[in-house]
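Shared between the two complexes below is chain A, which has chain B as its partner in the first and chain C in the second.
The block that comes next holds the complex of A and B.
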């Protein structure tokens, strides 16, 4: 029988798309060589448009419903465990390490699924003030988040680069570089988890090629890099981002409650105490 | 680009010469599609793009035609038409605002001496399913309120019943009611279905004295299309050849982004020439298009993709 190989594509607006530029880059692994889409600035633009509407549809769902959808992702991954292990082995992990990574990934998902309808109680507050007022720190998701995945070969790390923002209601554009086979593979299970299209867009490519456009784009509200960036790039990003007051987070926390803090907007609400 | 509505007014032909125009109407459907497809692949470079985008702003009829329209909404929209991007002086004002007759005086009040025009739909927009007397009343009301331009709909009932004469006579009567006010006639191309119908309706509307022919009311799902625009452009060209009058075209309904709008400009320039790249001869009826165009203009100037959040609502 002829061997049929899969074409890995970007996951944008709930669809699998090639780069509009037609460009690809090669990821050479032990047994396979993958041609992945090299995301261009126009692909980024499309992803942002999608994330903008994805933010609305993701937030229309109840927090309880978002919990169920994120939890479903863990069920999907468990069902396809073998195919993830295969890719991780190809990236050079041992079988034990690969299985361990998937165990961790599933734990991570379950944790964030649980957090999705509880975070506001944990991070919000009723503040003591002098006067007959309630003073409330009301919590909202910041909006469209661009996140750059770390360079590690790990599904758990990949999830940790978008679940913190996604679980609290942000829409996320996630870019992976050399390890993008994992995220484009994960796109299939994301798609099967009933996540509304646009809530999460997964891209592959070279961050330095779109760095300027990402940091200038007015509709991206926050940029989180889980990959260590050099000083020059950070300087460019910070300068560009200042024109749209974009929040920049370099190597933010990847676990626990502190991981979601960058993506929360706090509004202070005053309300008179009635009698 | 400021002196709009300086062009000569149209005057109706006789029915006899209109029949002659209609006799040989044939449209090559595949040809139209191919031509549009090939014009749509053209890429526009940065400098020309900025110019095109500025043209589009100056050709915009900023439109709100909803039952829920209020004076407040029209005030806001009119202010936006006069100064689409308050942070950038180089962005021209829009050509006109387009509202229902009952809101003409509201828009007129805020416009003052600015060169933005007030267009009003009339003749029982969007269906036009009333007797001519009512259409005339509707139109006269809009004119008395101060409308500078009138957008009417053709009688599609009569058109589909084959009573072209009635379609023609109604437009002539409304044209007469308009006097020296510019008349735009809406064909509703989405309902006309075939290119031949679109061309026939275009020629009838032109012969009856329309200053502009307009694609759509924007009230049905299939509004304007580039193919319809091309067929209408050809009708305008033929009409100019036979009668000497240069009519305008207004495209409306479903044009939401700059890229699409630029493609319409290309079609008009290629079919009718550069003279038509002016608000006197070409208009976009739109509500959300302007936002995208403003975003693209600032994108070209700052190199950063923009958000509607930072532009005036309207």
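The block that comes next holds the complex of A and C.
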């Protein structure tokens, strides 16, 4: 029987789409060769539009509900463990290493699932101001985040490049480069986890081809790169980001409470006390 | 209306002694600048020259950064508890010499003595006290496994709250173990120079606090210096953008506290007399030279006429004049340059079609002054409704529904602060949730505290100053 091969597509606004440019790039692995969408500037803009509305729909859900949706992703991955292992093996990992990575990935998801309804308690607080005032530092998600995945071959690392922002209510556009087979595969389980469309968009391609637009786009509120960038790229990013005072995070923390700090806006509200 | 006459009550300036000429404070002592260029700092209320200040050049900045690098080695070897004690001692000395600082601040910057004495200086001291107490508790502040200071921090501060902005920058930076090269604003360097004397007096280790005076060229040398690991800036959005651009390929820390055009929303169910007081304080505090000033008054349509009537009456009681007079509400505009900017924006507002009310009062014959001003009949597209005027000029817009109020309030690139006036608690919370602003005052305005984080959304900058959150601006945290 003829073997049927899956076409890998970007995951934008809850749909699987090719690049509007029609361009692809090849990822040659041990046993298989993959043709992945080469994300264009137009694709990026579409993803931003989707992320804007995704931010609203993600934030309409209660934090309790968001916890369950993120937790469901771990259930999905566990159910499809073999297919992830297969890709990781193709990328050159040993079977033990691949299974270990899935174990770690599931633990990471479980950690962030439980954080979704606790992070504000851990980062916000009342402030003991002088005088008869109630003063509280409320915590809010920053908005639309673009995150660049690290170059590691790891589902766990991939998750760590978007769950910190996603779990606190940001919508995320995540780009993977040579390891993008992992993220486009993950898109299927994301889609089955009841995440609202646009809350997470997964793209594949070459960051250097879109970094100018990413750093310039005023509707992207923060850019986080989990991949070490060269000086030339950093220069372009800072210059472009300065036109709208965009937040730039180069190699932010990938775990623990510190991983979510870049994506928080602190809003401090005062009110007098009286009779 | 009864016109009340006040006798003058002038705070004596004999308490301050100002030198003719100042050098930079580097490596624990004042030294002769390499730069041969000086600028004169004048009193904006008299136009008298107070002193000559060096315009620090590349070599001066270089020397200061190198001193701060050596200072960082020393500072890193002191225990957190010792660092705390230095800051506590500074706080105490500031309290002791508070009157001297207040008078000097009012002379150099033009703000009323009742503000420098009752607001700026108490806040300066409390910032040092507050952050002193964090110095030996950093490990429990954010529950981090690892936290490190950046190293040498370059700090650039504005002229509106000269010493208070120094305190907001220097106290948390030193408490978290960084060392500092500070550049005060060119028009208001004197209190920072006096603060440097206190550092000498408490025996702060050499190189921990360094001060280079100058203008924008000096600031640029500091921003572009390779030895700086982090830049903290407070000032205009345009300079903030220049700095973010100048960071370029360097992987360094950056926090920006930039401009604002805050909406002060008054709902029709507000306690109107209280709201009038809050709106007056929101825009006329410190001559409106306040980045978080409530410069856009958003009035619910049905109370517009009544509110404006009350507001104009209240404005007319404001006393404009000598900053050293204890009765003065509105002091001098900080500089000729700023006065020109305010005048030009107000003229533009009139030409656009805005209706201008200015209070009737006598202005001193010398110095830089501007009458408290109120615009009504303004379209949201006018520049006076969009641009930061940074002066005693309030612009009024109207709205019909809470949704519309929020939409107008957020329709700006800025996002520093906002005000909400209503007696209905649920409406406060509903509105506060929807405003893009880092600080929201409900039924109050322009309140500050070292424990309360301050900083903006959007183009008003990033990072927070003050509170537990303020520590994060000076620490690299892994938890």
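Here are a few things to note about the model shown:
The rule we apply is simple: the second predicted complex is superposed on the first by the 273 of 275 C-alpha atoms of A that agree within 3 Å, B and C clash if a C-alpha of one lies under 4 Å from a C-alpha of the other, contacts with A are read in each partner's own complex, and residues count from 1 in each chain.
The rule we apply is simple: a contact is a pair of C-beta atoms (placed from the backbone, for glycine too) under 8 Å apart; a residue touches a chain by one contact, two chains touch by 3 or more.
Quick caveat: nothing in here was measured; it's all calculated off a predicted structure.
After superposition on chain A, the partners chain B and chain C are seen to fit next to each other with no clash. Of the two partner chains placed by superposition, A:107 touches none, neither chain B nor chain C. Looking at the shared chain after the overlay, A:234 reaches chain C, while chain B stays out of its contact range.
Applying the stated contact rule after C-alpha superposition, one finds that A:137 touches chain C and leaves chain B untouched. In the superposed model, A:94 lies in contact with neither chain B nor chain C. Of the two partner chains placed around the shared chain by superposition, chain B and chain C are both touched by A:243. Greater residue coverage of chain A by touch, when chain B is weighed against chain C, goes to C. Between the C-alpha centres of chain B and chain C, as seen from that of chain A in the superposed arrangement, lies an angle of 80 degrees, given as a multiple of 10. In the superposed pair of complexes, A:208 makes contact with neither chain B nor chain C. Of the two partner chains placed by the overlay, only chain C lies in contact with A:258; chain B stays clear of it. Applying the stated contact rule after C-alpha superposition, one finds that A:216 touches chain B and leaves chain C untouched.
In the superposed pair of complexes, A:48 makes contact with chain B only, with no contact to chain C.
Our summary of the superposed model lists a minimum C-alpha distance of 6 Å between chain B and chain C. Residue overlap on chain A between the chain B contacts of one complex and the chain C contacts of the other covers 243-244. Residue ranges on chain B touching chain A, taken from their complex, read 302-307, 309-310. Interface residues of chain C, counted against chain A in their complex, comprise 126, 142-145, 237, 240-245, 247-251, 256, 258, 413, 428, 432, 437-444, 447, 449, 451-455, 457-462, 464, 467-469, 472, 477-479. The touching residues of chain A, when paired with chain B in their complex, are 45, 48, 212-213, 216-219, 240, 243-244. Those residues of chain A that touch chain C in the complex are listed here as 125, 127-131, 133, 135, 137-138, 231-232, 234-235, 238-239, 241-245, 247, 250, 253, 256-258, 261, 265-272.
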